């Protein structure tokens, strides 16, 4: 159940029997032909599904992540690294104050990794806090599904192309991943990636996507047992 | 239209004929019997309605605001003042980079006022930026609607009780606003406010709520002509 | 009594029988024809008068506030929002350390509002701290005085024109408040406001000013009973 | 002339013929038997005297400095090092914006030294800025006066005992400077220094104080020729 | 050549024909039986070797990284995430100011990843900056060497056991990697890891280590061609 | 002994009988003809010598300090004041966590003074922490050695010219210290100082340097008894 469907009294009642919560750490950034909010939508869908099976609460999505390399693709909204880790810290501290102790952060975006070290710093400071960080797209289970179908994962390609992230028609073709060296700035990233997709097929059979989603969901359910 | 329903190419196309965008500055905090996300939901609803009439884009909601006084009401997620103004700054800077010049920030929460001075600092720095800050609940137009019905606005009371913020049944009674002096900390706020409502009737006739919403929407449409 | 007229031994003696202190939260910014330090001088005068009647100590004025919109009016000295809230925090923490528990912050400047949420955050952290924030110019009591004389309050107009804030002759005329939309940057503010006064008569009868001052002083004395 | 005696129009007129300004970087901290505001009052007196002779403007005093070692002496108000350098930065940037280019910072407190490196960083960033930092109490000229009278300077002792910093009677005796090793925290500083004076005679003949003041004033006048 | 063996005139001369520099991003943290400075020593050795072959300059090592999980292992010195990214930023900005444009950051420690997003932010701001980030221990080339010998990489195990990181005798045995869920705090990390090694054999044949080093060095030389 | 020659078990063993540690607070900045790392090398040499006699541990050098005035001399790497004090804080906090209580910071660079006030703030916060700050070049003992030989100390001149800081031949001549007023920015500093030396002879007899070193070492050994 999402916090938005509840009032504070509901949360107080929940805390009498459970201390777990799911956090959505998303991003608003270019995903080629897909929704700008893909990185919030996927972990949100996983959280909703896991919540339905377990009853664990789902906090409102943090819709912005760290995406400085995409700041030439209109619509990307990037938090500075320092801002981002402060937001995650404030979310965790607020929830810890009510008695939430096991927090599973479902991260949707690779650029958000800096929050992990801040989480460890918080775990040093807040007794009893158990935080976990799950990234669906490069989880072992998901990688195995991809490999079984002879596929590799790339940003904004088939792996993120779910019915709920699609906002338009997609090319049928497959993209050759561009080659480059070093860290690209936003200008160079746009020149390098063109439509914003990093490589591979733009879409695959829906059954594969179901397998991917179910593999990630199984992980989330497993992670929730901590 | 919401950014989440678009990809970056759609935004690039939009920017060729318009440079306006609506930002939702919300909060996740106790609202008595109403949804914890009330302060995101109301400006979101206003933004969606205004967008439908004008075609102006709507950025994803910032779901967290500054609510330190409610940190004893489970479910409230409060950003530090310093974190919050950094987030708003990063949102504005990202969008400015693509050519957005007129940004209307629809604020849903009183505690978020600190962002206003930061917006002025940004307006000094970013040539051509026109930012506007609109708070629906204490706008002159909304206050007039309330007065016409002999009502006053209070946090989490009738004025925020829309069909889309309601998550449970509400009391039929009217609450006497509590008296106190000085700044309440979270502990004192909970003792003072009990169920979290600041006073007044918990609900009024749906027709009044429609009037309130239409008055605010009219304001938003007026503000968008800047 | 002001801290500047005392040494630390005097303060230590005071703390044996009282734990209240008055803080002056001012600003150095354009006030049309009036002193650049108007926003420090008014709360200072109120604090001195209240101190004389109650013996409550008065801390040295913070002479700088948040005034980014006036940074094209020479003489305005504006702290960034983040700097300003850090200063207020440090003042409160220092005084709390000696046993001061009831702190009344007399704010002279509208742009300083961001400190209020930081004060709540501090009140959550520092047990027993009672902080109060008083703004004289838009207090109910002062507004009533104005209304009785058919007057409205505007920045740098009659309402701030005390004998002790006057540094030159003032126009006899009345100014039409300018109309504008959105947040003005410093350049636009100067173009919009010209001499820096927001509207209304530049001066009124001294008897009215005495009424205003006495109304605010009465408020301060009332607030000190917390 | 002090900014508080002027309005913005006066400052604008001044800038047509001069671009110098005097800043008072003070402190509110224990000074033994002397005023808690000694470190603001001395540079203020020097600035006022220099202003009278040269017409250079004087900005409002920053009444708070970095005094963590005195946080067990009631009345000391200490800014964190990071806060303090941010305040000085904001003061300098605001004034630079109007065309002030030569800024003489009269520092009254040893703990404020951290601002100097920030001033150099600002001088790298703001073309044409000429900042100077003057500390009267350990200036060569003042040290020479002291030596001529067989005196050494100590915090809160004779060297800071001017008619305008005195708030009570002082001991006639001379204090033996305490011995210690390493950095004292606030608790240890109070145990070590007792009445807060670092050593030497508490007071000397008024003629010596006049010599000290005139030596420092001469320095300030010299520094203003930059 | 290392900067420490040069004076500024040497650097000025170098910049006339090259704009590359190698930065050592290290850490001071527990490495089981190995040196606390292992994460500085390995990239330093790689940098020195690469410098000898190419003449590219080597900046002094940043000896501290982000290691909050090891703060119960005496000797670990951990920078907060925010401090760490500020240091890397200041290093890059200083060097950029002289004309260095191609900077290869040799990172020795997994916890330092947060700097990468800050580097992208800097690349957006500083025209012509080409930064690259190389982590030797999980580079494809090094992983291949490990796999050829049937080995996997673990913190503080054989992979970091070079002659120049060894400070004592090591166990001959092989360690079973411990199992756990979620983010460990420092207390839990010590309980989980015991001697601090994450798993695998403590040491392997010196010839394998030479292969590892040569593979990484080859990478560094390749990266330097950017 | 240096931490780099130890593993964490060695440090744990050390802490059973001693709680002292030596920290090297250095800089990477122009020193005329001398090594860019002179300000790290001198305190490192002192620390190593003191460690050999006392067995007190030596932490890895912080190789970067606050040197904004030298940012036009290639090779200088300057941390912002705010970054620098954060690093020193993190070093102290990490070591305090293991039981280190007496920390002697050997500072090699004048621009690093801002850390001292932060150390006092930390000493207020961390019970039992005894920090000391030693600057060799302007210590009374070293000044006396210089005076006995009719010498004065200047940046990058004879006083810093040790066998281990020399990287090239030096002029035989003596430099006249340049005159200037106010705070120099990096551009002005380079124009003013030319080769980067502040004045005096570039080199003196090695026997004098031995005397200087021994005087400083005696100080360090004395400071370690705290």
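Chains: A, B, C, D, E and F, in written order; residue numbering restarts at 1 for each.
Everything below uses one rule, namely that contacts are C-beta pairs under 8 Å (C-beta built on N, C-alpha and C of every residue); 3 or more make two chains touch, one makes a residue touch a chain.
Because the structure is predicted, anything quoted here is derived from the model rather than measured.
What chains do chain C and chain E have as common neighbours?
Per touch definition, common to chain C and chain E: zero chains.
So, comparing C-alpha centroids, which chain is the farthest one from chain C?
E
Express in whole angstrom the distance between the two chain centres, defined as the mean CA positions of chain A and chain E.
28
Roughly how far is chain B from chain F, centre to centre by C-alpha average, rounded to an integer in Å?
From the centre of chain B to the centre of chain F is 54 Å.
Can you work out the whole-Å distance between the CA centroids of chain D and chain E?
46
What positions in chain B touch 2 or more of the other chains?
Expected reply: 71, 80, 82.
Going by the defined touches, start at chain E, step to chain F, and keep going round the ring. Which chains appear, in sequence?
Following the touches around from chain E to chain F and onward: E, F, D, C, B, A.
Would you tell me which residues of chain E are touching chain A in their complex?
66, 68-69, 71, 80-82, 85, 102, 111, 113-114, 116-121, 123-124, 129-133, 181-188, 223, 225-226
Can you check the complex and tell me which residues of chain F touch chain E?
3-12, 15, 28, 30-37, 40-41, 59-64, 71-80, 82-83, 86-87, 89-91, 94-95, 97-99, 167-168, 195-196
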